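Same chain, two partners: chain A is paired with chain B first, then with chain C.
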Partner chain A sequence: MLDEAATDTMITQISDSLYTHLIKTYDGNLPSAGLHSLDEIRTQAFERFKSMGFPTVKQEDWKYTNVQPLIGQRYSLDTEMPSGTPALDKALIPKLDAHRIVLVNGRYSSELSTDEEIPGLQIMPIEQAFDRLCFAKYFAAYADKTDNPFVALNTASFTSGLFIEVGKSRQLQKPIHIIHVAATDKPLFTQTRNLYVMGAFAEAEIIESFITEDGAEHNLNNQVSEIVLRENAKLQHYYLQVAGPQSNYLNHTEVHQEKHSLYNNYNCSFPGAAFVRNNINVQMGDSEVESHLYGIALTAGNQLVDNHTIVDHIKPHCESYEWYKNITQDTSTAVFNGKIFVRLDAQKTNAFQQNNNMLIGEKSAIYTKPQLEIFADDVKCSHGCTIGQFDNEALFYLRARGISEAQARVLLVHAFAFDVTSRFLNAAVREYVEHLVEEGL
Partner chain B sequence: MLDGCPSTYLITFWRCVMSTKDDALLKELTLEEYKYGFTTDIEMDIAPKGLTEDTVRLISAKKNEPEWLLEWRLKALQHFLKMDMPTWQNFENPDVDFQDISYYAAPKAKPKLNSLDEVDPELLSTFAKLGIPLDEQKVLAGVVAVDAVFDSVSVKTTFREKLKEQGVIFSSFGEAVQEHPELIRQYLGTVVPQTDNVYAALNSAVFSDGSFVYIPKGVRCPMELSTYFRINAENTGQFERTLIIADEGAYVSYLEGCTAPMRDENQMHAAVVELIALKDAEIKYSTVQNWYPGDKDGKGGIYNFVTKRGICKGDHSKISWTQVETGSAITWKYPGVILKGDHSVGEFYSVALTRNKQVADTGTKMIHLGKNTRSKIISKGISAGVSHNSYRGLVKIGPGADNSRNFTQCDSLLIGDRCGAHTFPYIESRNKTAKLEHEATTSKIGEDQLFYLTQRGIDPEKAVGLIVNGYAKEVLNQLPMEFAVEAQKLLAISLEGSVG
Partner chain C sequence: MLSIKNLHASVEDKAILKGLDLEVKAGEVHAIMGPNGSGKSTLGNVLAGREAYEVTEGEVLLDGSDLLALSPEDRAREGVFLAFQYPIEIPGVSNINFLKTALSEIRAYKGLPPMEARDFLKKVKEKQQLVEFDAKLANRSLNEGFSGGEKKRNEIFQLAMLEPKLAILDETDSGLDIDALRIVARGVNQLRADNNAFILITHYQRLLEYIVPDFVHVLYNGRIVRSGTKELALELEEKGYDWIKETVDA
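Showing the complex of A and B:
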């Protein structure tokens, strides 16, 4: 755990803007277990962050997503455990039998987590993993190659997070359910760093839920997850965003895949969190790799949900499949940006991308940019994008059969989401998400 | 001072060097010699290089422009000097030294011409080589009225009298400034403001000529109007400005074609085209762009940085852009339509073919503001060699654009494994009744199609030509007949040597 000296330097100073606050309090005296290499990575990342600064809407990647109002506010950086135990019922998925891991403001809570010994599975707070071999090998190896300033900031000054390693050829029987709880009585800025390593031939399922404790103060969470899949590994990865309106998220997920591996990401956002920005980058580092990215964002109120994905076909014979659906209500905004790169000589690539949107709210907006950059010729790449509304004929059809309008709408949205939800391999999660879609309307 | 520096140039006749055939399919590209790469020996008036307020004043004085236009130009220059070069494009922005360009080049001033006989015979032979029916004798047989812009100045506008009978104004921009200043003043810069982008600002400051078209109320222009652009002089840029106004219920179809001599240095072409369609009017604007693309190592060639935009100002108006882009070292343009009037329609049809080291970053912008507006985008990219072809488009639905509709299709065809095809579509909707569709595909030429054709005795090169023409047909069909034939040939010629 964090030693005393480190926490002392982060004493609450809510008087400065976040940038000055971060610059002022950064002194390199962060948890690094005395590892010189980690210190160095942190210092370099901090220099990178300082040179980049926080992004503005003038930058292409942040064109529709203005972080300035968020970072303009004052935050405490003190991520000490709050007193009392936060309730987890919002994150609980009926019928799901899983290993439960709870992170409160990014900190591992052993009392809330199910603490069982599973052979081949290592789960621990990230600061306890600093001396592990695969930490040295994979930490900051991929995410920090991107030009996301929030990743640089996270690398420089993360304070907590989770480390998971699934041993070689281990196939987990039960999924790992990680619950991220935001619980604070003062405006809080947290920086969480996760590293998940899937050994060769390992198989696992990770479900991550994001919730906010009732009555919690305004909070901003900058989370970076690095995921490495060794040869033939398989990972099913769910993000279930059900946090409250006080919470704001900047989530960066960097996936690196080795030969024959399979990574599936299911990214779901529901009405609640005021600001959600997901960056999901998949690097297909070797040939014969497969990835599926599914997403569904149902927004309401004044929400902004922004999903940026990059699928990078570096080697030949890889396959990617991406399908994102957005449904915007009220005055909410949904942003989708899907990039597919097919590098030189990444022949025989199969890349598919689809983004469908339902714009329901009178004043809601959808900004989408499905982007292809292709440098090889023997490929099959396509993308499609639509923006539309309820089909009046379908509505009429249902109403003519005695179904109320509200019910008919629910049915139609359910059907719209079905393309994505039907891909969920975990039946309990699928049922839970379908229920949330209905509830969110 | 200007008269003191006439320049003369040698004519280098174009020779068509047939490309030697290569055995391996889809191998290195050989270059079909650029067919229009001759220069013309004509006495020219060339302004000294450099861009200052004096340059602008000089151009304005040369054109005998009214005071307000000079001021308008100077304002644009001020903006230009303040603006930074853009960095968002998907290619390396060439380092253009704006002080090393001459902003005015004109065939040496002579008294006003009365008939074609008085036009410099050298100039006439240039246009004859280009195959423009400039000669009125020839034109009488055709259906096209031509305004030929040579370097920066409009040389001759044919068929003027006949058009005049209908009230159609078709003249060089310079003449229009003299004869119809009220129209120019009313519409100039209303679609592409001086501050729009750095090249539009530059053009607004130094544009030297161009074409002007006005179609009066209810008139259906009896013939296709056409402009031919040619850059001839060395170290000059071409900055022309086209303004087309279709008054209520009018219709016009306008064509432009472009060529330039082969030179080792890069030359710049920064034009601005503004289209204004009032109530119930329709403008159809077609371009066949074949500027010199540079040689196979990417040396020389035209930088084609053009701002084209139209506005459907009135209800039920329509603007349609069709472009066939085969030339230029770098093509960078996004013909767009602002759909302001209710029930207005915008269309964009494009074929962009790049090879060797060419770069094309092109697409369109459809801004839906009015109710029940519709837009359609068909973009076909073909990249060969080591070229890069990007589609970049914006479809924007404003909050008031109820029931608007967009359909976009952009396909890319790759010939060879060292070229690139990229798509950057921006789709923004802020209206809950709008419907938008976008689809894009990228693939190489179908081997089964190639096999089918070669198996029936068609050689691979012709087969590729056939497939590409079929692929581009949707766009070529939009071109007026004469141009469609030319464009088809151009595609075939440009592809020559692309396959073994």
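Showing the complex of A and C:
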């Protein structure tokens, strides 16, 4: 079927199958057909991808996160809707009243989504947004400046995704709940591209859940989300990773913020998905911008969850606040890498970062690396990192009051996660996440 | 109720309890005094089931059944309560949530349904008043940032909430101001009943003026070396421990 002999100096032998498959099938016959400028962006991105190749553990950013076994497998690239309707119950959040958007293998399902007209809100499959002004302005404007090869690949050959635009001064009453379903009966590689644009003074809440259909085949999902917040916009953004072990994710989120905007990201991973790599980059493109990044990864089995974040302070008077917590069980691995840049121009920056880790599994692993690069002199920056285990004294105290060991552990993990979970503005999501913490232990 | 026979226990291979005997009957209050390092807290910890303490010999029966065979949580559910000498802080676990969990697990163990939220809150309020425990503290994280005295008071609040059969108070009086001491003593006196018992570990005879014990024991070098009534505490207050040590060591 494929020419296994195809070689490329940039890649190793094992990654040939997905790589050659992508190369062979990349015929430029994209859904963007007709839009010359988009075609050009995509062709250039493909050249970039070819020159970078898939990353290896020799690269600092991928040191603990080996993608080779994943890309060494054969996948179908055909993301046509599977027959039958996938169940969504795994993504349901009790007490949450939201507009529901369902993407199956990245494709928008109008059947499963609450297809309603909301004034000031545009939601559509991304390919329908190609001729929009703000698409032309923001698509590939920031994410593609990074050196993540998966972004280049995604730009070159994404097949589906979601476009959301919240109009100027619109404040959405209800959150948007996006459910990403992996449902396939053959090994599948999907590439989804999302663009969310928050107009000036717009306010919204986007909650994204990742689930896997029961019995689904192995799947690898390369998703890129570009998010733009215009002046004074506010976005609360939740990632709830509750997919099954067959699913693997490469998620890149690129946020660009304009003056006075606020972006809050709450990034939660739970036992399930075998491989999760999140890149969350926030570019504070103007002054008086505020961003909060909260993360909680509770891992089990042989899972790997890797969160790489970049907060880039470019202009003065911005504030960033980041707090990630990892709890590893069994033989799982958690990786946290938090970069903060404070550029020369970014005086009066306030940047805070904290990463706390709780190693429960004796054979689990945690790799954490805070990285601060500060070029301005009048700034307030702090970072801290801790690694610990269960506090046996605390465990005994609770048990001595009649609480079972299992329940005592739940209480202590809740307590550990509390600094993060208590920041969740949406009470329904907070409760749901607390419940998932309990279930995940 | 509690019957300890020839109890030997060690920590990290160091023998600490060396043949301790003690009988406590329902309705009684026993005070245990003794010099620093004699093994008083060790006794409390062994009874509560702390893992670091290894029982090498002897037996402990609670109402006729083997206490040492039980896990710490099952001992608590059977009615053993240790008020710690040094209560620890657990940030992020709310006091109230902790008590609710403890109470419902104890009830489940006894085959009782969970308490109605309303009844639970009523009980919290009632016991808070009994031990004059500030409602603000009750709603905070478990002991987090509490003063020494507040932590001790919280132990007594928990004791009042859980209503154990056998309560062991390890120096609960240390670090309490005079008023707090009176309040704690009044709480304990009100909780005293025919079907429960208290073991008070203390260095000060002052506590025993407020909570009058039926028996006073001296623990020295891992054993109970002298037992008497409340007059023994007065004698110790006056003479110290040397005369006892001399007779024992002789």
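Side notes on the structure shown:
Here is the rule we go by: the second predicted complex is superposed on the first by the 424 of 441 C-alpha atoms of A that agree within 3 Å, B and C clash if a C-alpha of one lies under 4 Å from a C-alpha of the other, contacts with A are read in each partner's own complex, and residues count from 1 in each chain.
What we mean here is this: a contact is a pair of C-beta atoms (placed from the backbone, for glycine too) under 8 Å apart; a residue touches a chain by one contact, two chains touch by 3 or more.
Just so you know, these numbers come straight off a predicted model, no measurement behind them.
Using the contact criterion defined above for the overlaid structures, shared-chain residue A:A216 touches neither chain B nor chain C, since it reaches no partner. After superposition on the shared chain, chain A has more residues touched by B, the comparison being chain B against chain C. Touch criterion not met for A:L162: it reaches neither chain B nor chain C. Of the two partner chains, chain B is the only one that A:E60 touches; chain C does not reach it.
Contacts of A:H414 after superposition on the shared chain: chain C is touched, whereas chain B is not. Applying the stated contact rule after C-alpha superposition, one finds that A:G402 touches chain C and leaves chain B untouched. In the overlay built on the shared chain, the residue A:A394 is in contact with chain C alone; chain B does not reach it. For chain C in complex with chain A, the residues that touch the partner chain are 48-51, 71-73, 75-77, 81-82, 84, 87-88, 90-93, 97-99, 101-103, 105-106, 109, 141, 158, 162.
Contact residues of chain B toward chain A in the complex are 88, 397, 399, 412, 414-444.
Within the complex formed with chain C, the residues of chain A that make contact are 391-394, 396-405, 407-408, 411-412, 414-419. For chain A in complex with chain B, the touching residues are 60, 344-345, 347, 357, 359-389.
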